[in-house]
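Comments concern the structure below.
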Amino acid sequence: MVHGRGMSEGTSAKTVRLARGDAPGRPPMTPELDRLYDRLEDELLVPLWTEIGELMPESPRPDAVPHRWAWRALLEMARQAGDLVPVGRGGERRALALANPGLGGRPFVTPTLWAAVQYLNPREDAPVHRHTQNAFRFVIEGEGVWTVVNGDPVAMRRGDFLPQAGWNWHGHRNTSDAPMAWLDGLDIPFSYAIDSAFFEFGAEDVGTEETPERSRSERLWAHPGLRPLTRLGPSPATPLLAYRWEYTDRALADQLALEAEGCAVTPEPGHAAVRYTNPSTGGDVLSTVRAEFHRLAPDTATASRREVGSSVYQVFDGRALVTVGAASWRVERGDLFAVPSWQPLRIETEHGIDLFRFADTPIYERLDKDRVAVAEQEGTR
Amino acid sequence: MVHGRGMSEGTSAKTVRLARGDAPGRPPMTPELDRLYDRLEDELLVPLWTEIGELMPESPRPDAVPHRWAWRALLEMARQAGDLVPVGRGGERRALALANPGLGGRPFVTPTLWAAVQYLNPREDAPVHRHTQNAFRFVIEGEGVWTVVNGDPVAMRRGDFLPQAGWNWHGHRNTSDAPMAWLDGLDIPFSYAIDSAFFEFGAEDVGTEETPERSRSERLWAHPGLRPLTRLGPSPATPLLAYRWEYTDRALADQLALEAEGCAVTPEPGHAAVRYTNPSTGGDVLSTVRAEFHRLAPDTATASRREVGSSVYQVFDGRALVTVGAASWRVERGDLFAVPSWQPLRIETEHGIDLFRFADTPIYERLDKDRVAVAEQEGTR
Amino acid sequence: MVHGRGMSEGTSAKTVRLARGDAPGRPPMTPELDRLYDRLEDELLVPLWTEIGELMPESPRPDAVPHRWAWRALLEMARQAGDLVPVGRGGERRALALANPGLGGRPFVTPTLWAAVQYLNPREDAPVHRHTQNAFRFVIEGEGVWTVVNGDPVAMRRGDFLPQAGWNWHGHRNTSDAPMAWLDGLDIPFSYAIDSAFFEFGAEDVGTEETPERSRSERLWAHPGLRPLTRLGPSPATPLLAYRWEYTDRALADQLALEAEGCAVTPEPGHAAVRYTNPSTGGDVLSTVRAEFHRLAPDTATASRREVGSSVYQVFDGRALVTVGAASWRVERGDLFAVPSWQPLRIETEHGIDLFRFADTPIYERLDKDRVAVAEQEGTR
Amino acid sequence: MVHGRGMSEGTSAKTVRLARGDAPGRPPMTPELDRLYDRLEDELLVPLWTEIGELMPESPRPDAVPHRWAWRALLEMARQAGDLVPVGRGGERRALALANPGLGGRPFVTPTLWAAVQYLNPREDAPVHRHTQNAFRFVIEGEGVWTVVNGDPVAMRRGDFLPQAGWNWHGHRNTSDAPMAWLDGLDIPFSYAIDSAFFEFGAEDVGTEETPERSRSERLWAHPGLRPLTRLGPSPATPLLAYRWEYTDRALADQLALEAEGCAVTPEPGHAAVRYTNPSTGGDVLSTVRAEFHRLAPDTATASRREVGSSVYQVFDGRALVTVGAASWRVERGDLFAVPSWQPLRIETEHGIDLFRFADTPIYERLDKDRVAVAEQEGTR
């Protein structure tokens, strides 16, 4: 059931209902206490001693659960939606969001993150809008779509990561004769939880017929270590709108080659990893979303690792055995999986894997709530 | 009903249930679409087009509602709890939390903030623990309690603000023959929403018999503009554990006097205000909680003001007419009220008022999600 | 001889004259090399190999030397200047600057710092001007002068530290019937070395007859941990214009008392120290000048300590034996001494001493050129 | 004459010699004043009123003057030095430093900056050392030399910019059969003025026979917007040791093309410019040195611009008419010119020019002493 807001309004029943059973830390029920509880309910008060176990656990106990979605099924349903559901003003996007089974049916892949497959038919447009939620796209396959951000058309191609910070106008255009699907990531659930969302409709039309190889943003910003003299201040979100696969692939290959030459540049043996960063600060691309790419060599196992905060992975290529808490899956190209807060994650490969990752870690780091624990390294399998 | 986590687990019903009715932006239902929706539910997928209106509103639509709690009633129930409920390990604190009527009965004064009245009987102790949630105490009346933070006993007296950042050991001791009540503020709901909570039990005993006038923290840090040479790095949370009323009162009086002399030092005519800050950085005292004190002169009205994020006020002295969105109350000493995100707030005085305020604004500012709108100033009544 | 700028201009002699003698690292002189050197001189070129020893030493080899100035003599000459030299437009201030004997007679106490005794006769004014050089005043004795900064009159009294960042209008007024002398510290030599100085004349008159106990700046900012809601941004220099002796004295006394209670709050046994800081950032009061106050208990010895960068101390009270490099002096109330870069400093007391210190360390820290070395602690004498 | 340090020591003459002539702001000389001046000289004191005009001018009056060095002559003398002067321990480098004619013959191109032509013969090495001075190399022509930084061999080729922060071990090796010359830039004069220099000898041998196309540093860091997961903290100086010409050239070409398409991306019409930045922060590559590359289209004129701080330009290609204050030169490939603080600079092209620039501006910006003034734009010629 998709939980709606404000459902308690209009009911004659009490809003507050106290737990009156016995439990550790709670006083035994007496008639006097029962009457006090009645009155607390009337006055909209809740004792700490009935709630502390849930609200203040010894370590995070997320409702969200580890879960994997198979790309094959996602894509098939996206295609069906392509046949049945038009894209236009109001619905805005043909996007199917992953609903973590622990989160009550809401379209939240974790308590803070949104992950959806978006699908555009040939020659189809998604209309222009803007919102304060931070967003990105990651392309698992295909090409032919341009996302137009503040009038700058940005090509989307396999392996590309395309961040787009809140409150920028954007629409999408499929200029090709083939449909295209990709991953959308946003901080919608977080923004919803903290009541920070603003939204505005823009033009129906994406407003440009240009389909350049490189966006204006890339022509200004995608030169390593160079910045334009007219753009010298720190920008809160990245001004670079496309991180092309050729660079990501090369950076990962370089790391593994350097490791082979004896340089300590990888986080773990056989595990190369880069973070997508804002070239104006060196920090995360978006204020609430971290994005990374990981490559595991064949016959590699990561250490078991817990982080406060949640993340989502999509397999870009290859296969692996993934273990998150008590769950374990074999994953392959396009598959997505969710890692809730403080759940241990371990990945083991036989033939190697390439993984895109996004996470809500900037929220925790900027608020001094981040914490990481890595189990003793067990090394290569 | 206090909503428990993980309630969807173990039910045979579907977790995802899509809204199939007609609504703006949604495609008309057809048998094919109905079958696709069935399949999406099975595969834990939710279309954006059925959810966008709620998740991505034009401006924040909080579930939390404006609400006021009367101090008189709060204190009376705290006293009853003092008679009926012991303080000790497990329950940890005799605290009654304000439950916003829009938030389903959970002990959340807003979606991010916790506000509770804590009550200690004469000669009573609250045991030592620590947690990652940030906390503070504000004292509306009384004295005789020392909060002991990492072994440093800090006196609590009327008008004092006592911040205490996450993961510091703390217990409380009432050394007097009178009971004492105060306001506890924490980021428990936020910490819960993002699954970041850690908790540890400490000693049963607060561990010191000292009852100094000034804590060690104050002796090191409460000298304006001076810092010890052994404490030069920036500290993420304030190292100063008590902000005494005498300084707050004087700062406010000085501002109004300066205004009367023609200096532009107040945010609005007749409205003096200070923020409690971390002397090691000049920033907020806690990474997720802002605290301020406001003084309105007699016959003053504030401009109507909206902020993204929520806040809670407690009347320290005086009276006022407060309007939050569609709600309006006359408030007096000790009363508390909640201001949800983006709800316009306006305060009007006849005889003047002193107000303590706390808010979750650092969350939004650090994540580039803050926004403020002030209506055209209507001036003094 | 006070070295003037541009002295090489207009001379017929060559500007560049190469060292042609033998020295380690230099090639032996030959007729060909001699001709090359002639040509290099003509073309305004200098080989590294003739200069490297001086320019790139193994550790700093300052021209400035350790030196002490006796307060008694300084004050006597300031009084004579009071009789002989008027204060007014053009000369601007009756100030006698300490000239480090290693710096060629220029009025530079170190290569970066200016230290001068300023002297005002009864009822005398120093006219208003502003300059980009950062400045402060420290009062060794007396009262009755107000420094007026941007129209805000700030009382000057024994023990007060009064920073005043570059480009603020300021004049001084002696409202009493006694003369007054104080220490002026500025970054004039540094500003001169890097050609960054701007200067503007203001009014002849300081422009206010007010002589308040507390300046407006203090009424806004001298409340520990509190800042006005109208002054929330970081200010590059401190907005607090007076750091009163009562607070400094109490902070130091508190540190020694805490140390006696077993708390690790002092940099060394028997050595209390505070840094004057900008309440809007927690950092140094001025971008180029650090200021501190140190109190050594009786029978205390500091560890021998070297820092990159130079500093100047003034004895506020008490006596000590001071050793800087090869120099050693007994110092007493009012005496000043200069510590050049990387010279080891050690202070030993019999009856205790109070010391004001200022230094150029922010320059090094902000440019990643700071370095400190502390000799093995030899403890209390 | 190259001015040596400590020259005043050992002379019997007075160190301080006061200016006793009449001048604006100075009191008229009297016998009493003359005696006071004698005594001030003895006591190492200098009045402000005799010095203020020079030390506190209305705007910067640098000793350094605008000057141009012709590349043809520089290279010829470097070649002669190649024949006559060996490279080895002690002299360390075969480098000819530009001596600004206003700076008394010292090898300082400006009061803060060092610029030198370094020259290596075929198969020659420059031995390993490290120093706290920040350095870079810029290659005007040739290839075949590798600079080895902490064991990482970095190829040097025409158009490359190679920063190298203080205290890193480095040596150079010419692996080719041709000599090679390049520009060295350092903050030697600044480091000398503030007494912050440390130096250590390393191995005679550069320690590696590797001559890779790309250094390890580039393989880790030269991927736009990507950073290794093992290098996430901010690094005070850039971890990227080579900024290749192909990227610089493309960034400049892109800017001019974007300008032609109507995008506001250039600082002035026909003037493209990039700053070399630290990918870990987005800030300057070195804490004291800024480096940029400018391209002016044909028939372009820059606005006349003044900056506090000094800079040096080298023509990479093309020609222009350059005006700095009262000086004016036609410059061509390889020529260098110095722009002292606050001197207006204007560049006019007929056929276009490519210019490398370095400057000391980070010193001023980090110390809040930066200031810029741009004359009304006169547009394209």
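Which chain is which? They are A, B, C and D, in the order written, and residues in each are numbered from 1.
What we mean here is this: a residue touches a chain if its C-beta (ideal position, glycine included) is under 8 Å from a C-beta of that chain, and two chains touch if they have at least 3 such contacts.
A quick note: this is a predicted structure, and the numbers were derived from the prediction, not measured.
Can you list every chain that touches subunit B and also touches subunit C?
In this structure, no chain contacts subunit C and also subunit B.
Could you tell me the distance, in whole angstrom, between the mean C-alpha positions of subunit A and subunit D?
Spacing between the chain centres: roughly 45 Å.
From the C-alpha centre of subunit A to that of subunit C, how far is it in Å?
Each chain reduced to its C-alpha mean, subunit A and subunit C end up 53 Å apart.
Rounded to a whole Å, what is the gap between the Cα centroids of subunit A and subunit B?
From the centre of subunit A to the centre of subunit B is 29 Å.
Could you pull out the residues of subunit C that touch at least 2 other chains?
Expected reply: no residues.
Which word fits how the chains touch one another: line, ring, star, complete or other?
ring
Report the complete set of touching chain pairs.
A-B, A-D, B-C, C-D
Applying the document's contact rule, which stretches of subunit D touch subunit A when the two form their complex?
Those in contact with subunit A are residues 216, 219-232, 234, 238, 240, 243, 247-248, 250-251, 254-255, 257-258, 263-267, 273-282, 285, 292.
Quick check on the complex: what are the subunit A residues that touch subunit B?
Listed in rising order, the residues are 1-2, 4-9, 14-19, 24-27, 30, 32-33, 36, 39-40, 43-52, 54-64, 67, 69, 73-74, 77, 80-81, 83-86, 88-107, 111-112, 116, 131-133, 166, 188, 190-200, 236-237, 287-288, 308-310, 340-342, 360, 362-364, 366-369, 371.
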